[in-house]
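Multiple structures are listed underneath, in structure tokens.
Consider the two complexes below, in which chain A is the common component and chain B and chain C are the respective partners.
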Partner chain A sequence: MSKRVLLGLVLACGLTASALAQEPKTGGVINAVIQPEPPGLMLAMIQNGPTQMVSGNIFEGLLRYSPKLEPQPELAESWSVSEDAKTYTFKLRKGVTWHDGKPFTAADVLFSVEMLKQTHARARNNLAQVDKVEAPDDYTVVFTLKQPFGPFLGIFEVGSMPMVPKHLYEGTDFKTNPYNNAPVGTGPFMFKEWQKGSFIRLVKNPNYYEKGKPYIDEIYWQIIPDAAARSVAYETGKVDVLPGGSVENFDVPRLSKLKDTCVTGAGWEFFSPLAWLWLNNRQGPLADKRVRQAIMYAIDRDFAKDVIWNGLGKVATGPSASTIKYYTDDVPKYPYDPAKAKALLKEAGYKGEKIRLLPLAYGETWQRWGEAVKQNLMDVGMNIETISTDVAGGNQKIGDWDYDIAFTYLYQYGDPALGVGRNYVSSAIAKGQVFNNVEGYTNPEIDKLFADGAVATPDSKRKEIYEKAQKILVEDVPVAWMLELQFPTITRCKVKNLITTGIGVNDGFKDAWLDK
Partner chain B sequence: MLSFVAQRVVKGVIVLLAIVVLNFFLIRLAPGDPAVVMAGEAGASDQVFVQQLREKFGLDKPLPEQLFIYVKGIATLDLGFSFRQQAPVSKLILERLPATLLLTLTAFAISLALGVLFGTFAARFAGTFLDTAITVFALIFYAMPIFWVALMGILLFSVTVDWLPSFGYETVGANLTGFAHVVDVAKHLIMPAMTLGLFFMATYTRMTRASMLEVKRLDFVKTARAKGLSDAVIQRRHVLRNALLPVVTLAGVHAGTLIGGAVITETVFAWPGIGRLMYDALLQRDYNLLLGVFVTCSVMVLIFNLITDLVYRLVDPRIEFAA
Partner chain C sequence: MTQFWKSMLKSPSGVIGLFILLLAISVAVFGPLLFPNSPWRMVQRPFLPPFTLSTVPLGTDALGRDVFAGMIFGARVSLLVGLVSTLVALVVGVPIGAMAGYFGGKVDDALMRFTEFFQTIPSFALAIVLVAILQPSIYSIVASIAVVSWPPVARLVRGEVLSLRTREYVQAAVVTGQSNTWIILREILPNALSPVIVLASLMVATAILLESSLSFLGLGDPNLISWGYMVGAGRTVIRQAWWITVFPGVAILISVLGLNLIGEGLNDALNPRLSREGR
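On to the complex of A and B.
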């Protein structure tokens, strides 16, 4: 055989092998970490992160979203919008069944909407613009809005609007329904077992409507409360998937270098977690805009990114993350400039009044960040006192407006009308809540811009409004924006196609497969 | 003896009631309540939502009424409902009880057996190199924080030599049964039980050593020696038995706290026990669950105190059951 033929054969084999490698294989078990242990799995009742991560496999929404946040079919196979942008018609997929074998129909969608309005705070807000929901037939659902609502197509992913089986929940007491502990959805995996404190086991739904999917037979979500122990569990091969945020950030570079390890920052586009400091605008020195601007100049956010977050993430420019719609970086800038911060403090007449800083009790990384910010602020002459509490205590203090500066991070949900406006409009000020406008910022112009932005058409008009709002906010500094956070997902490289949408791991493992 | 036990039980019930009332108010002194925690986790909160949760948890009622409802429940052995975990508190505690008892009783046995053994040796060879070596060994494990010993154990036995699993109660997904399952659980148990056991061992070692040295100086030991008894018999029958009284007291106190006393060990080794349940309940302000664990622990302390009093009698027949 000539060398050339041999080379050709080798190349051909190589190509075939790589082509085969792309063909999903069926079977296998994925061991993933879930942290902390979810309080329950009924997504319509509980909306915390771990619940969504596990239950995103059990339940489904009408739509999913691509990394660019374009809507994609899930339980709805197509949709259309009327010319006046007030009527949205969804055509549902046929042949979908709940895990107990009953068919999924438009009646379930109508019921879910009504139930979520009672049990799901975010869904209730998202659905506020809906005038009525109707089902002309078993596979069509029509939402009629009171007025056009720009982000409407963005509220249908599984965590925001999970579909609930009407036949199991109608007429029951939602909070004590036995199916809360053995959830029944339409998703690619079915709930099998939950050994509290140890693991949650999901098994393949053999009747899933997408033929051939899911590829994986079982998922074990392992509950390991200690961050160092979670890293070790991955190192020793006991788990294959560490979803974003499940190990301390300073462990990420070390774990990334392990053999057969793949790391991705993808899958957070829909959430776009943005970290900032609540600044209590109501009282004391922070009521002065110049002091708030000084804080922006005083904090070395590049240091926080490079050292505390190990280079992961991006310095925030303002109220919108760069991954969501209508983001602009054409806003006033606040580079690290302690001299300017000192000058602004002097101009504002700051005389060393005590300022209470409330770090976030989410583990080591956040604690270190609190220390770094305290150091930065003390360097420019601010008198900072750190208040140490646990999460519950911190939430209470924020809800009672009993703080001066407090760390937080919040999801943006893809559109300023869903995840940004709520933090700055005056109608979102109310004592006792942990999120929304807890800084107490009031500006009638901002109120109007966000009110207009939500209902404006066409898209170009919305863009114009939100860009203007971003400029005003960045000038006023109602809160001090820190970083666009990145929570890398660490997996064995044999786990393929784990993250395919902008919702990431929270969207379920239906496309994932194991290259054994 | 029966009237002694009956009196102790009545006293115990009164103490328990006092504990319940005190804890009920104490945990409500901490800032934040379950509604605030859950609203925070939901990533969205408005007042309607928080208020709904408070009503659901019964937190909108006046405090005395909440206390009355709770005590009434306890009287009928109902520890209440954990709204956070959507399950009755007694079910949650009973689910975790076997794992906790397995861990803490094993650790207890290790610490007591090794502690008394080492303490006896140290006393027997007091002032020698062996005595110093035992004391230093025991103190090292007492002085080091449990989480540190645990992490070093994981690093050595799981990561470096890969002999023992680093977390959990059993190999998840292996579905082992019979003897294979017992071996699997035992392998998972070794590190957490040793970590906890070695920590408590130090106190028993020191206590046994000191107590034995003290007893050795007493007259009856001289008498025994004068009678011509062998050293081994004197040590075992006369010295050790008398020296054990303070050790039994200490063991009684420890045994009572076993249920909730392994929080750190359970957390580092992901051991699904009550200590972790209690810790999570505290962070989440899951009042009913937290109180439920407290009540269970208090009952255990009271029971073990009673047992300790009874064991005194066995160890030292001079003690009588004074009613």
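On to the complex of A and C.
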């Protein structure tokens, strides 16, 4: 046996040994930052980012989603789809109890669906294709759709469709129900106390249906309003987990270099925030497709990724993030090419008309990005004027269509029918909103493709439709796609297995454990 | 006039102040000619420390922009805002003060209550509110600085005019039937000017500080680079890159110091008692 092979064997043995050593350990307290302080924890009524992050560990949905967005069992043990793709049957897990000890049954599912239709705008939208929901027995739920709806299995994530206890909410005024302040779910952690402005404390659910889980005893969500103070809290060891977006980007490299620190960009696949520039297609030079294409060529997006986002994220190729179903990169490409941008501008007859740029008032990173994009566009001869406003002022201008170029980023929710189409179909144009089709792009062909894509079967047909739509959109540049954003989660390396699903920290403490 | 320059040049603070101001003005006027590139342009790798490359002597900021170029272009904005807003404040404050002092009575009451209305609001808070409402631009910044800095001028001028109003030569002018405007412009204001000039030089310094503070808070004109903006943008990365904040900060310090020294020199030179003693 040669030395090299021997060495390999020894290494292999060492690796298995260390893999065995990674057996989860029970016990311990985790301190995590929550930013900003959530307005409330009742997930069925409040869907702010921080609410989802804390309450995703208290409540549960029927399904969980892997980083590849494949549905996994959670409260539903198994599911089946009928031949005509109109009937979905879920078998519920037995022996699940609410935090107050009452059993979780199909009646709770039926009630949750009804309640969410009243209290949760996105759920109402997602459930629009549902004709009826029935419960043949206590552990079976059947959804019957009006017509086949491709992304249907993607709507059961805990933030999109949390299960609510019927026995505590039925017949009450949802808004004033006392359990809104002390939420009761089926999740691995139970709400214990909330000292406003200071911390939210969750404790282990001892009767959790997955034996042995959760491993952690307690979670303290620390509320620290100042970004610099949050970094310091991590450095001094006050907190062990900094969820994505809780510290400024330029602090990430410094914190990453600290001892025993692990950084990951994973855990945002379900949301896949995609940043782009709204281009006002209605008026001025930007109404010309060639000018919009010139903007794509003029902006150095690799620079933005490497310098402004510290190398995190990915340059976007089109309307879909690469983590979204039916994504294709077989589309026209727009590399950084100022010469080509200048040529296109000349061809379009652009004569230095003033163009207003609206950066996003979300802090330093976005301000710097606005400055860099402005400089890129000025370099190819565009006359850019930056308008500075606060968040509310910016939203108003965008909603009133009173802008030429504006920064934004939006979640995509896993499927083009849920998160992508809304930004490009003409039926989603409405004054006053800051999401959906703000740019005023209208193309009957795109309208038809997205309408067909949502209900087409089988999957291969949907794929074909959405790939075609992506090609047309990238050619037309209704908006200028910038980056697939990544919000790095920074943790002490002793926190293991925190991010295992497509929503990351939001339901991550179920599997997390502390290596002491 | 020669007398004035003589005493001005005799006071060391005046000389130093003048030197700094002339330097700052020449940088503001001629600097951009030497640096034809926009200070917003990303020229080198980000966070390049100072004194490593001769092309970017003071290093680069978070986006790789030349800190030295930013300082030179920033001088233009800072000085311009300081001078123009002071001028506007004088244009508003001097007539109001002069009228209040000269006419007295109800006119004085009305004008002074109006002035006090502005004085009771903390000036920086008022400036922030005005810029935020009007949206940050060079015009709104100049306007808001002028709005918060004219009341002291008005009060000072009023006091001077009040005391000059009772002098014999003014009374004589009244008796000879000269018009009020003529008396104010020809007889009173020229004699009330020295303290106003001293105050104005200090106001320019305050205005530069105000503009810097506004830019520091992110309320600067987003299309113009200024020292305050540079300090504000660099503040958050001060632990990684001190130079982005320190150099423009020093520039603010020196120019404000220079203007204060000039004010002191002017005070010495224009004060009849002091200059007589100096002779």
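As a working rule, the second predicted complex is superposed on the first by the 496 of 516 C-alpha atoms of A that agree within 3 Å, B and C clash if a C-alpha of one lies under 4 Å from a C-alpha of the other, contacts with A are read in each partner's own complex, and residues count from 1 in each chain.
In this section, a contact is a pair of C-beta atoms (placed from the backbone, for glycine too) under 8 Å apart; a residue touches a chain by one contact, two chains touch by 3 or more.
Small disclaimer: the values here were computed from a predicted structure and weren't measured.
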| item | value |
| --- | --- |
| First, second, both or neither for A:G28, with chain B first and chain C second | neither |
| Which of chain B and chain C A:P71 touches, first, second, both or neither | neither |
| Chain touching more of chain A, residue-wise (chain B, chain C) | B |
| Touching partner for A:T389 - first (chain B), second (chain C), both, neither | both |
| Which of chain B and chain C A:E235 touches, first, second, both or neither | first |
| Chain B versus chain C as contact partner of A:E248, first or second or both or neither | second |
| Partner chain(s) touched by A:Q222 [first = chain B, second = chain C, both, neither] | first |
| Touching both chain C and chain B, counted on chain A across the two superposed complexes | 228, 389-390, 393 |
| Residues of chain C that touch chain A when the two form their complex | 38, 40-42, 46, 62-64, 132, 135-136, 218-219, 222-223, 233, 236-237, 239-240 |
| Contact footprint of chain C on chain A as seen in their complex | 227-228, 248, 250, 254, 303, 307-308, 359, 364, 367-368, 370-372, 374-375, 378-379, 385-390, 393 |
| Residues of chain A defined as touching chain B within the complex | 29, 31, 36-37, 39-40, 42, 46-49, 121-122, 124-125, 175-176, 180-181, 195-199, 201, 218, 220, 222-226, 228-229, 232-233, 235-236, 238, 389-397, 399, 410-411, 430-436 |
| Sites on chain B touched by chain A in the complex | 30-33, 36-50, 56, 83-87, 92, 95-96, 99, 151, 154-155, 158-159, 162, 165-170, 172-173, 267-273, 276-277, 280, 283-285 |
